[in-house]
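There are structures below to look over.
There are two complexes below, and they share chain A, which is joined by chain B in the first and by chain C in the second.
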Partner chain A sequence: MANENMLLQVKNLHTIFHTEDGTVEAIGGVDFEVKEGETLGIVGESGCGKSVTSLSVMRLLPKGIGEIPQGEVIYKGKNLLKLPEKEMRKIRGKEIAMIFQEPMTALNPVYTVGDQLVEMVELHLGMNKKEAYDYAIKMFEKVGIPMPEKRIYSYPHELSGGLRQRAMIAMMMSCNPSLLIADEPTTALDVTIQAQVLDLMRALLKEYNSSLIMITHDLGVIAEMAERVAVMYAGRIVEYADIIPLFKKPSHPYTVGLMRSIPRPDVEVDRLDSIKGVVPDLFHMPKGCRFNTRCPYTTDKCFEEEPPLFEVEPGHFSRCWRYAEMEELSKHWESGE
Partner chain B sequence: MSKLEKLQSEKKSGSKAKILLEVKNLKKYFPIKAGVFKRTVGWVRAVDDVSFFIRKGETLGLVGESGCGKTTTGRTILRLIEPTAGSVHYGGNDLLAMSRGKMNKYRSKLQMIFQDPYGSLDPRMRVRDIIAEGLRSAHVGNKKERYEMVEQYMEKVGLSKLYVNRFAHEFSGGQRQRVGIARALIMNPELIVCDEAVSALDVSIQAQVLNLLDDLQKEFNLTYLFIAHDLNVVKHISDRIVVMYLGKIVEIASKHELFINPLHPYTKALLSANPIPDPTIERKDRIILQGDVPSPANPPKGCRFHPRCWLAGPQCSQEEPPLIEVKPDHYVACHFWKNMEDQN
Partner chain C sequence: MASFIIRRILLLPVTLLGLTFLIFFFTSFLSPYQLLSAYVQDPRQLQGGNVEKLIDKYGLRENFMIRYGKWLGQISHGNLGWSLSLNEPVSVVIEQRFPATLELTIYAIIPVIFVGIWLGVVASVHHNGVIDQILRVFALLGYSIPAFVLGLLILFIFYGVLGWLPPGRLDQWAQMIFFSKNFHHYTGLATIDALLNGNIPIFLDALKHLISPILTLSYLSWAGLLRITRSSMLESLGQDYIRTARAKGLSEKMIVNKHARRNALIPATTVAGLMFIGMLGGVIITETIFNYPGIGSFAAQAATQFDYAGILGVALVYGLVTIIGNLIVDISYAMIDPRVRLG
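After this line comes the complex of A and B, so read on.
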């Protein structure tokens, strides 16, 4: 897979957390790749490991608690996990930038948003104060913040949620990163503002030819933004495919259940399907397939052995023993409330 | 007949009137205080002259973006917040004109389910006491009877009665929301105000809770006021939908009518911004609104939506459009609703 336009390859990534109650594996054996200019979506529910994956890539796990015992994160041919911290710092922000769900907690409340942007470009692009401020105004204008020459002197709390997220995006794009990681960037926003922000992100990605890893629980946002999708469940990628095959032919029961359980604006149903039960907690993962406690299609094998990722079609992977029958099986769904 | 049985049988003898609850000219202004002496320097008009009604047995959805006043509307109806002006007619009485004592008699009929399944349950109480608390304050039955009812209602909402002695933190988000539902349901209410009742839940769990609410509505002939920001959820569960913007109602219609023929520009923009989980659908009709929602402390003159509206004319910044019934059961507050209809 030595592709020249390959930007990021994550191979067999494992992340564990040392907690008071013992050590747990948050993600176990995650593989994915991002090409230049491509948007990868990571979908899953709370606790599936999607945020841990992004923090692992950025090496931002809490010190002494989170650890990566195994795996590789290859960015432009370099394994980030092997880099000294000093080198890694040059990558963060400049090469790989991150947008968080709640811009209020990601921004520093005691500095103006302009100062925070200026700090970044001074550090990474070596501009002087004057240049940096002019550049900040230009970036704010670019992301559609009205009156940018005034707004750069605002503190984060003086901006609305939408403007704050725009300021955050201006900051992230200011060093022209090759890869953006956006962790639920629009979840805290209202739908009309969400539409504005997604629109802006799409335009900027195109302009800068940057890649994006979009982490979200919202299948609607995924359908709009992503070209390729990894569906995560309980620390595993359970399905990995291009966007259209994923929606057309979901090949893992969890993906099937997820798509059936959302109310859709374009389809009317009397009753929603749901996935029975809840996500198992990390200390009590079931033996065999991790989805076996909630899956309507289990066989004996599912309780004994964990399935590997099977290739359903070229480029479409599913971690299910019965992947080949899924099209037929998925016609019937047992909610089992 | 014990009080307990009486409470349960009352439901059947309830009024046959079509309209269960009617809200008229409801207003809630919050003061903005400033300075050392906390003088009032202005008012946030969270809910500004809102009128609508809820029919018995229906689910009325209330949508809008943050700060539009939907939560305040829900809470003011139940007098969890005292309103500034207006009336809420329920069973021939104005709830807002009553004394607190008299109002308390109606509280069992009007229940609420809250958004945050973590914050709305007392962490120091056992689940059976949380669910029985309303019965206790309404002096229904003795302790033993109340606990029996708790077990019965826990099973109704899909919680094992083995959990009666647990504390809230021992439950998952979905289970906590079920506790909240049981607590409302046990009072044998007519109307339940669901304030973002499923917003904090993961989608697979959200579907479980929505189905449960649906089942309970049929079984107990409940009426819901369903407040949410998620259009898809509201569309799924509601019969009619009220759209609010900046403290005002901009449109009321049945859900089909609203989704097919939105007559207020804001409704149209809201619907078009809603992402569809299907990558093969291209949204060519998407309307991206400019700017943010203005502050309710200083709303624009005339129509409150006019600074962001693409249809706005000179009239819109001067004259506030009233909410009028333009078709049977379809109300809209826009000067240009006819143009909207042509566009649809």
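After this line comes the complex of A and C, so read on.
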């Protein structure tokens, strides 16, 4: 527990949303840790709660709608959920920064990208306008934006998608945060730009010795970036392991399904495997294991009782009753078609 | 930015020409005798057998394009004809009455823009709170009460019952001073000229006469701008860039006043511009109710008394104001939203 280089510990995090149709639980008891300089990947399909998790950590849930009734987010020994809003604002951007999926909408269209970076360093690093602009040019140069002294005066709509995301990264790294949360940072970019942006992020994280929480639905991106991975499904972490054990020995049927649905150049198949069905909606969660509506390996127990997180091997956890048989079971897959 | 403004201003003469063409087109349905009133400067010109001579002089029996060309020549020299309803040249009427209307609308629109937008922002920040609910009722009333009802109510209460706010533009004594030789007319706006002449009593008198028509004229706009600002603020507060701003650790004040408001101003500006133009139309009712000697009450008189020259003159003034109003909206639009400047 009292690990020296532990940066962030999320314990038993619950997030609920008050909607017009009633209250739903978006996240039900999520635990994970991020060590200094480490990259944690959170994988899952749309609506599994991965973005909500990151917003909960930052306490950026929509006011009056999202609420965290239970849980702890310990950052450098402080519980962020107990912090007054004013203290929390000093953490946001300076200690924990966040990069979003769509840089076009995540940047304010009516201010220059330079101005949006400058207001942040003025706030957190106490620079004056002149210093802040010089600093902004340096940051833009660092993230590989050509002609930074001109580009800081550009508006978001005047930049390409890749440059916008670079500007976003420059902005969010400008205060040298200890933890960066990247929510699908490359999803809106095409593949070549995606690779460049990932390389850039890796280089910056190394230079600043920052940790990263990489949220994505793309196992390829995870394989490239992460050291440890949490697979999320319907508001739960279903598998939590280091990157190599996870890919070598996936121990939850959902992870197995995800891996089987990636096209592989070394295996020839007629048709790619897929996971049948869709994510259950939050109002109608199945009894028992939340994956039971889509799992090909269900037993009676799966419909009665929700499995806890089992330790498959040291540091490798799976939320499946049949985790021990998974290696054998995963040879057969009942596809969605 | 500068090139955007220049481009817009260069378009102005073209729009103006289109406007005059349209107005003249409508008059072309009138007989030469009816049209003549739009040309003569003084009824005495019509004495004797001059009518036919004048019709020939102004080419009123020629084909449309020649008539149009000659008419353009006339209006470009400021000759807008003789107003039957007021027995004065139309150009003189407009020169006297336009500043009065301008005074009314400017005083009506400026508080609407600043306070209306501010109230809209407040309502959105306190979304569904007590302040929001109060403002909602206030806005609903604004939408529901027509200007002629509100105007009569205000007139009845504040003049009829309380006797505080009289109709008209100035009291008798103030008018005598205002139109005397010693009183300099710098702008034509009674309040400002009074201040420039150092005459505080006249300033206060003019203000007293302005309050009721301003309230009548602007109440609907208050409601409209408040609601538009509120809804566009709510929309803008839900955008991704607001989440980014929060993630950057900016204060709520900064988020609302910098990041959300500027984006919310884009639709609000359009509406405010349209409101200003609409107000100039709305003054017809308001000025008539309060017997305020502006363009609006002149328009009402001219229209009911078949004063063709008067109607033409008013149409020209309204058209001109609309064009200039739109130009100002376009320019402020480009100032607020950088994406517009390219187009």
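One rule holds in what follows: the second predicted complex is superposed on the first by the 333 of 337 C-alpha atoms of A that agree within 3 Å, B and C clash if a C-alpha of one lies under 4 Å from a C-alpha of the other, contacts with A are read in each partner's own complex, and residues count from 1 in each chain.
Note that in this section contacts are C-beta pairs under 8 Å (C-beta built on N, C-alpha and C of every residue); 3 or more make two chains touch, one makes a residue touch a chain.
Note that the structure is a prediction, hence the values are computed from the model and not measured.
Engineer: What does the overlay on chain A give for chain B and chain C, a clash or a fit?
Structural biologist: fit
Engineer: Should A:109 be classified as contacting the first partner (chain B), the second (chain C), both, or neither?
Structural biologist: Touch partner of A:109: chain C, not chain B.
Engineer: For A:235, using the defined touch cut-off, is the partner it touches chain B, chain C, both, or neither? Pick first, second, both or neither.
Structural biologist: A:235 sits against neither chain B nor chain C.
Engineer: A:60 in the overlay: touching chain B, chain C, both, or neither? Say first, second, both or neither.
Structural biologist: So A:60 only meets chain C here.
Engineer: Quick check on the superposed pair: does A:89 touch chain B, chain C, both, or neither? Answer first, second, both or neither.
Structural biologist: second
Engineer: Which of the two partners, first being chain B and second being chain C, lies in contact with A:100: first, second, both, or neither?
Structural biologist: second
Engineer: If you count the residues of chain A that each partner touches, which comes out higher, chain B or chain C?
Structural biologist: Residues of chain A touched, chain B against chain C: more for B.
Engineer: Examine A:278 and indicate which partner it touches, taking first as chain B and second as chain C; both and neither are also allowed.
Structural biologist: A:278: touches chain B, not chain C.
Engineer: Give one of first, second, both or neither to describe whether A:123 is in contact with chain B, with chain C, with both, or with none.
Structural biologist: After superposing on A, A:123 lies in contact with chain C but is clear of chain B.
Engineer: So after superposition, what is the minimum Cα distance from chain B to chain C, given in Å?
Structural biologist: Minimum over all C-alpha pairs of chain B and chain C: 7 Å.
Engineer: Write out the stretch or stretches of chain A touching chain C in their complex.
Structural biologist: 58, 60, 89-94, 97-98, 100, 102, 105-112, 119-120, 123-124, 155, 157, 168, 171-172
Engineer: Applying the document's contact rule, which stretches of chain B touch chain A when the two form their complex?
Structural biologist: 65-66, 158, 172, 174, 202-208, 210-212, 214, 229, 231-233, 235-237, 259, 269-281, 283, 286, 288-289, 291-293
Engineer: Would you pull the chain C residues touching chain A in the complex into a rising list?
Structural biologist: Contact set of chain C toward chain A: 239-241, 243-251, 254, 258-259, 262-263, 266, 336-339.
Engineer: Can you list the chain A residues touching chain B in their complex?
Structural biologist: So the residues of chain A in touch with chain B come to 45-46, 146, 160-163, 190-196, 198-199, 217-224, 243-244, 247-248, 257-259, 261-266, 269, 271-276, 278-279, 335, 337.
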